[in-house]
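Consider the two complexes below, in which subunit A is the common component and subunit B and subunit C are the respective partners.
Let's look at the complex of A and B:
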């Protein structure tokens, strides 16, 4: 299972393209055997990290270590990592089998050993019956599996995957996510996966690295990143959020007395805040409670009107317009035994959240000024 | 019906393109020696060609030069195309522009300048200057053909090869070359054709002891078009058709 010694260590990587800084001091330890996802919007530098590890780009500053060895001066063809490209990049003039054999041949693996490994890899991705086909006679999903097999067959120290699922349809994508995660466990191989899709990242990863504008914003398990975002960027980028404005009145230990949307309430946070500081309260759709009457259990009740309701099968989503002008996203899970009334569009409701589930962050827009 | 209409529209275009060649082929079988009037079918001009040693010699010379020049130009032009596609280097855009300047520059200028160069180098007009000249003007065409093919590739293919432990040479040998092979063949055939029918540049650089077909024909025509020239031209058309056909077959197999 997941070990603790880093198989890949990135030290303070800086990369500029034509004066634009793409990576701005990225340091990261990737553990042996883990499924790590680098998540971020397009242009945040996530693909560049992968390309630096693979050896297609040279960092302007900083160092890369693979299995304790410095990698900087090693050309791409001598690094024991393999890449699954977004476009798959299968060799069109070779059959599936020849594609898989390429790396082994270049690496001078003995013929018998190569044959055995190719058979295993084809078996793993369930493509043995298509081994003699050329890539242009395969479906997108099949090509994708060939690309994965072609990389895995070399038994690399780490597998680098650059948004490999983005060209697949939603259903196939879900299936591949499960399969990839399974493969990572089965092979005990380190997977470094790059995506802009947060759901995809959460579905597969042991740890998620959230990136923005060439910097790492947060590293953590999917739960940590989702439930304890360290700043507004992560909060907004990962999952649906409702963000309320507030300001600090006073703080005693973990309890923060604050004004939120114009009302006094108590919040829980481990962070330090100064009285008067502007804050944001981040709430997830499932943190929120909607009632028609208030009770005293929850500190703050905000009045609003239900604007939209969306039936999603397992959940019931709502958008509630607060009287203070904010929109709140709510997800309620169906419960057969629940006698709760399902609200309709136009209903007047009171909104609160489960105490302690909120995340309190400094208002960066204000502090930046 | 619609298909028929499309075909009907193509007929005039193809007639326009091929009428001269059809006329030429027909007249190569005309038994009349001087006039353009039809005097009955004959093979005799073809027979006469075979007896014309001077002409056969010129044809063999032309073939030799065309094959060698096309092969040289294809090797160099392909390497140039790959270099321009793969690497970043100082003055790359100048090199790229230079390729097209050679392609577009008038033959007469090329001819004169090559003659001047060979004179300065002290080379006697003949086989070697001719081969060098033909190689020179064929290279850009090969480069352009191969480059257009390379540009159609997924650039990640080369990275994939490197990622799978192939070095520079093996990436070229096992990935780049096989993938642009059809374009390399096309470049070779193009060079062969260009070399076979070049008159102007050859005129400047070859000497009296190395006669080539286009110049031979040119000399023959100066005294009026003779039916044996028609026959010779018909043979050349035939060869061209075969080459095009071969090329098409090769391309289909590659797909």
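Let's look at the complex of A and C:
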């Protein structure tokens, strides 16, 4: 990995298709050598961003820089980025080896150098023994590895991957996630990876870009995005959440006095709120504490009934229906030494959260009015 | 379950009977005739002879064959060069009128090609369309006739057979995934290299199918050289026709037909092997 200077810089990209705005002012610095994932719901413009970087689409506004050079007028075949297509797009009339050789031949790499690089790339994706096969004689996973090798072998400044794992089964998918991350480190190459699968994004990335309707909502490490979502969209899209309603009473420094689900409590937040403002409290399943009986003076405890329990091996998941009407998702981690009571469906419990783990956000549905 | 099997049997059966009656039987008759003896009174006498084949080994027939291959081959090449860009555009445009454009390609089929060939006369003759345009524009001083030239034959063959080139090319180009072109560009290929290394090989089945569908009928289209070429340029089709109708040499005509069929079978085999290598890509349904 090299420094933090951006290898790709997107400046205020705007793209419209038939009058519909698909990208609405996207600016992003992609650092050299990082594994960056673009995450967002279907149709939010992820593929369009990759296609603009690759040169298959021209933005209506804005600029793309690659390694400090403006790219806008450069055709796709002269850009030093390579794409792993979602459909793989392997050339069916060429063997695996010929597929890998294609880019090197187009870029006039010497024969000996090309042979060496092809061998290395095949070795890396574990396909040396299939070099002479035609793509239609390969399994989906093998084709996918050929597509990656065909792009990587050109030694691009950045590798663009558009949902390359979506056609693979769960097990193979996990394996490829690890392998891709490993390749990014090993080669020191920048990976820009598109997915709509949040788990996949978190498992692989140095940084995650969360998109919605043609805009970037948040950029950050997986931890930042998960633990400090900047708005309700990110909070809801990334991971399981429980969202409680509240309103601000007063604020002093980091402490917010508020009414939550009809009860007074103290919250921690760095954001500014006005008294009377409607707020949402975002809680992750592992933020939640569940007890049978409590000293309800200490913090906010909400009564509820356990509705479902799911044993997941290392964790114990529960859905608790609060008396106030909301559902709370809870994940408790097993601990050998713990003498904790494991709750059963139907148990009456009290629910709270670890102080300071909550995220307080303005209620956008209200403020938008 | 049972009715569907019955249906399968009936449909397969009727197709088989149809093929046997109208394809196999005539071809067998021709094959048999080609080995019989010529007879002035009843066309053929039921006695074995190789005279028919001796005739097609004669220098006269070889001349005709070479000339035919030249005429049909050139017409095929012209069709290919004219049809490829057209089929490409047709397959790539994102228009609602695509279906209509395809229909327009096929509409000439609805008119008998003999009639269309006579129509060509009015385009090519001395007082014809081309001549009038040329004199009108002042390019030519006197009316020019293109009739009875090789050019007229090429024009006629190309005009008649062009749709047979366009349709297989279209089907092959239409199947070509846009991502193939993007992948080629992504890997550094400019337009020309992408065409040579990716597009051309992937549309090869269409090219071969189109060439066969133009070349083979062109060898037999005797009326076009007759009408537009003024009978000066004989092709295999003319030769066969003349053997049957003028020279009254049925075994000779049959032997020439058998040869034509053999050439066709050989080309089809070649097409089969070359398209199989391309796997799922390309026009294997033709």
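A few notes on this one:
One rule holds for everything that comes next: the second predicted complex is superposed on the first by the 364 of 369 C-alpha atoms of A that agree within 3 Å, B and C clash if a C-alpha of one lies under 4 Å from a C-alpha of the other, contacts with A are read in each partner's own complex, and residues count from 1 in each chain.
Operating definition for what follows: a residue touches a chain if its C-beta (ideal position, glycine included) is under 8 Å from a C-beta of that chain, and two chains touch if they have at least 3 such contacts.
Being a predicted model, the structure only gives us computed values, none of them experimental.
Steric overlap between subunit B and subunit C is present once the structures are superposed on subunit A. By the touch criterion defined above, A:91 lies against subunit B and subunit C together after alignment on the C-alpha atoms of chain A.
By the touch criterion defined above, A:154 lies against subunit B and subunit C together after alignment on the C-alpha atoms of chain A. The contact surfaces that subunit B and subunit C form on subunit A in the two complexes overlap at residues 54-56, 75-78, 82-83, 85, 87, 89-93, 102-103, 106-107, 150-151, 154. For subunit C in complex with subunit A, the residues that touch the partner chain are 177, 179-180, 182-190, 193, 197-198, 201-202, 277-281. Against subunit A, in their complex, subunit B makes its touches with residues 154, 156-157, 159-167, 170, 174-175, 178-179, 254. On the subunit A side of its complex with subunit C, the touching residues are 54-56, 75-78, 82-83, 85, 87, 89-93, 102-103, 106-107, 134, 136, 150-151, 154. Within the complex formed with subunit B, the subunit A residues making contact are 54-56, 75-78, 81-83, 85-87, 89-93, 102-103, 106-107, 150-151, 154.
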